[in-house]
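Presented below are the structures under discussion, each in the form of structure tokens.
One chain, chain A, appears in both complexes that follow, with chain B as partner in the first and chain C in the second.
Then we have the complex of A and B:
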């Protein structure tokens, strides 16, 4: 199944590569993880992979240096990119805000049954001893030096995948493999973690975030990984004038940073979960954005990254609305 | 505003509040609410003295970051006021602000900050009385809530709650 899809991907990329500037995809770097790969020559196409270990959202590479530094020439060839369902929404959001044009990208859409979070795997298996890993019939089969572990896929999926409503790419030129049915169809299941925290009293919520954000080391990995954090070196957390964030190490600074990050993504965040995936301190940072996504959905009926023609709700207004 | 300010008829009798050290930051748009507050002063309407006014060019200038920074660092209340919708000096600034602040208001309690400490309202330059009403009501509300603990600087003392997320 996965093998057929991979062959199909290789074939499609091989056909398209002469017309492309480059191809951005994933390649296996260890049994449980992939790494982004940038392909220009046909020899490397065979290293491309897809499947449940391809956790990175590659859309960010289209708008961050070095890609952003040089504006594309009018006759520039398009860039090929592999996207899962959630990644495709980031692409749509970038197209909406005119960071990229639709013609600039050749989209290889990959329906996704969820990605494996290696941190969750580490709860079951000693990561260093893993020899090979594969997913068969919604079970993760891991071989280590002595035994074979079988873990239900649900137990090791990334948190964002558990409430995924768009596993199939919302925008694509080529679709690789068969479409999959979404894990969740409504707000109740998609925002389960948000609702769970919201059900707690105010003081407990504050205590929760104080203890979670206390671990933050302000490495800004969440910001760097976010495909929609596009301020680059104009980012407000690093400006000295005005100096919104100081070098103090207190929790308030960390709170403020995450407030800013979240508010800048309000109505834009597509919930790809990159911020949480890259967090070295294991802070549920995506949860903050999920709450804002939920607010946007309830208040304005808007979900980010579904319609390339739509305008993100905080970048526009409606004079008639009096109840918000 | 201090008692020496001739435009303020605020009484010194509100000393319990002063002892409590309540601080409210008001972000007022230059064209309407700042004028409204001025009108209230000129008319010598009695107002509480806890509000510190920051003049902004338009509520469209209101970055939620201003509110977040204030509340996280222990300001007891934040009041934002601008021109009435459809009456903005720059035509549309307050429409943008309205969506932004509504979203922010709904977001605050999720992070553990009492949403009652933040209020936004519309007051025009001629509505001195309306301004008096807004300030009085909001100040009363903040006094009722008491000082804002903000976010603790050190985490040593705070309750550790496990995330419970899988």
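Then we have the complex of A and C:
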């Protein structure tokens, strides 16, 4: 089935490429991982892949250097991009905030049954010895030098996928493969990890975050990977004017950084989980944003990245507010 | 920076519970503080001289005064340091009176808090920079939105002062609600007799441009320099040619058009001039009822019109006007009593609104000034008035008092007795609110001289019995149930905000309350200003008002405009947002959230966009600063660094 979808993707991209500035997709780099690939030449199309190892959210590439160093010319050709359900929401959020126009992108939407978290795979097999990996009927089949491991896909899915409500792209020009049914349909199942943490007493939560954030090395990978963190090298955690943060290494500074990051995403975060995926220290940083997303949904009935026409509630001024 | 700290005793106001000497002594230890002292009354003439002397002798570059609220004396001290040669923004105030000495008796705790506040002020001052105002030219033209009595008054006052005035009225005539009234309380003088001359003045003043049957399409710009787009609605009559002769009205075969002016009591022609004294006296076609415009063969008006003014092809037209100030006088609308099912829900023709009764009383009304029932045209004998319909009733979302109904009911009851001496009038009321000059005497006269029966209690139900209406209510003073068989029931329908008030507020970027009434800048001290500079309020758009108050507000708003227009330029407030273009990522969020439309795009070379603040529009609210992710937009005199410095001192 994956094979059929891949062929369909190749065929669609081949047809579209002459009209495109470039195509952004995934390519296999080792048995368990893919890497982003930028295609201008039709010969490279065959390297495009899709499936449960395509974990990166490619939407961010549209708004980060070098893509955004200069504004696109009016006659610029659109950029083709592969998106999973969660990635498509980032795209919608970027369109909402006018960082890209809908016309600027040709969206190849890919329904997604969940992506594999290699960290979880590492609990089962020695990663270095993996020869090949494939998913068949929701089972991850891994061959290493000696044996064949069969691991239920559920056990190695990324944390964000477990509560996924939008596995199918919310916006696309071409849909590759068949739609899949969401594994979660409501708030109860989507925010399980947040609820679990919230149920703990304050001291325990504080201790949790203190020990988690203590590991943070302030590499800013979470920020760099976030498709909606658009400030890049103007990020206030690194500026002196204004000087919000110092370069001290204590937990309070790290706390402040992560909460500034989260607050800047309040009502914008689509929960794509990139920040957590790229964290070299394995800190569940998406949890902070999930908590905010939950509040946004409860208080304002808003989920980010679903409607390109909607205005995120915190990015508008409501004259109904009685005191300005 | 060399900083001086002056701690005020304020007599015993501060020194009573704060050790000011100790505060000053501690302050000497703060970074950059080279001079600190306490003084009996720092705001007094010698107190200010003491500051100026210290600036000269100590070479101070910044001054902190720890005293009362900056709302009280910040301007005083800014002037004082400016006279001594410092920039007025190199001054900070720590409020150790309202925030400290007045709210606690613990001398030790107060002193310690005062020291903290002074330390914060010093920390902020170290990040202060001199700021300078700039000057903007003022376009001395005024826009008045709404041609009711408040708007007319404002327009005439300003026109008399020699200013150009543009008046926009959405109806086809000016005069507003007052034009529909028969008489006015408490003097019973004829409404159109006192309003008419003012309406004529508006038409005749050469420096008033009147756009009737027009609405505001958009407003951009800022105090002194607004650009307004006005939509002139299609009238199908060329008003430059129309002489108001009325020949078209007489011949128009469509005789069942809605009569808005008579509150739906009569029927109008499809082409209509609403009343004989209308200003402008021009005809307008109601497209919903015109035979020609609905595909039938007609065009009678076009044939009869002696000046060939009828134009069936006419379209809306947008005109642009540039003005320097705006007075909003959009008035009110009447509460729709149909929500009261117990009063018939609007189904009984003989249960009418207060304004409908005004039209019945009026000599130019549907019955020529004879009191008749709408249902069968008979003269009523028993008439019941019910107060507070859509006022002081939280159950219909109108908890406020409309302020005018008690008086207009009394007036209508008196007039009813004058018209029909044999009739009996009853008023069901909750309380009588008659606080104006000669108002209570007027209500007493209704009760005592005109024999109007006042019954204190609510009406529970109105229902039909034969040709008459039965009004069931309580008399809470006697503690009995009352039933009155009436021929006509007049509901004292309350005041609500004008239809479309919210949309207009958004165009003007002013705020409104939950009922749609526009918010004044300060409920007591800035009653006709809004929080948007250059936009003023007059009349019932700000809240229910009677005619004298509306007129007074019209004049008040006009005087505000005249004092603005007395200057050729305005000085801008430099405490506004400023974009650091190097850090701006052009996300546009500041533009989205700015409540005043003060931020716009600016294009640099190569098509790179950056946000730009219009200093003269910015009100310094700081919403943009809070929203800006890289904090590239900073509020001058309250920058992030200044606030962080204060917070750091407090947490240190």
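Methods note: the second predicted complex is superposed on the first by the 316 of 324 C-alpha atoms of A that agree within 3 Å, B and C clash if a C-alpha of one lies under 4 Å from a C-alpha of the other, contacts with A are read in each partner's own complex, and residues count from 1 in each chain.
In the analysis below, contacts are C-beta pairs under 8 Å (C-beta built on N, C-alpha and C of every residue); 3 or more make two chains touch, one makes a residue touch a chain.
Keep in mind it's a predicted model, so treat the numbers as computed, not measured.
In the superposed pair of complexes, A:317 makes contact with chain B and with chain C alike. Of the two partner chains placed around the shared chain by superposition, chain B is the only one that A:300 touches, whereas chain C remains out of contact. Judged by the touch definition given at the top, the superposed model places A:99 against chain C, while chain B stays out of reach. Of the two partner chains placed by superposition, only chain B is touched by A:208; chain C is not. Legend: residue contacts after superposition of the two complexes on their common chain; A:26 is shown touching neither chain B nor chain C. Of the two partner chains, chain C is the only one that A:234 touches; chain B does not reach it. Of the two partner chains placed by superposition, A:191 touches none, neither chain B nor chain C. With both structures placed on the common chain, the touch criterion links A:243 to chain C but leaves chain B unconnected.
Chain A is touched at more residues by one of its partners, and among chain B and chain C that partner is B.
Comparing the two interfaces of chain A, the one with chain B and the one with chain C have residues 236, 244, 314, 317, 319, 321-322, 324 in common. Only residues 70-71, 97-99, 230-232, 234-236, 239, 241-244, 264, 311, 314-317, 319-324 of chain A touch chain C when the two sit together in their complex. Residues of chain C touching chain A in their complex: 502, 505-506, 509, 511-514, 519, 531, 580, 582-585, 587-589, 592-595, 606-609, 621, 623, 627, 629-632, 634, 639-641, 644. Chain A makes touch with chain B in their complex at residues 120, 159, 193-194, 196-198, 202-212, 214, 236, 244, 250-252, 255-256, 259-260, 262-263, 266-267, 284, 287-288, 291-292, 295-296, 299-300, 313-314, 317-319, 321-322, 324. Residue ranges of chain B in contact with chain A, taken from their complex: 64-65, 68-69, 72-73, 85-86, 92, 95-96, 98-100, 102-104, 106-107, 109-114, 150-155, 158-161, 163-166.
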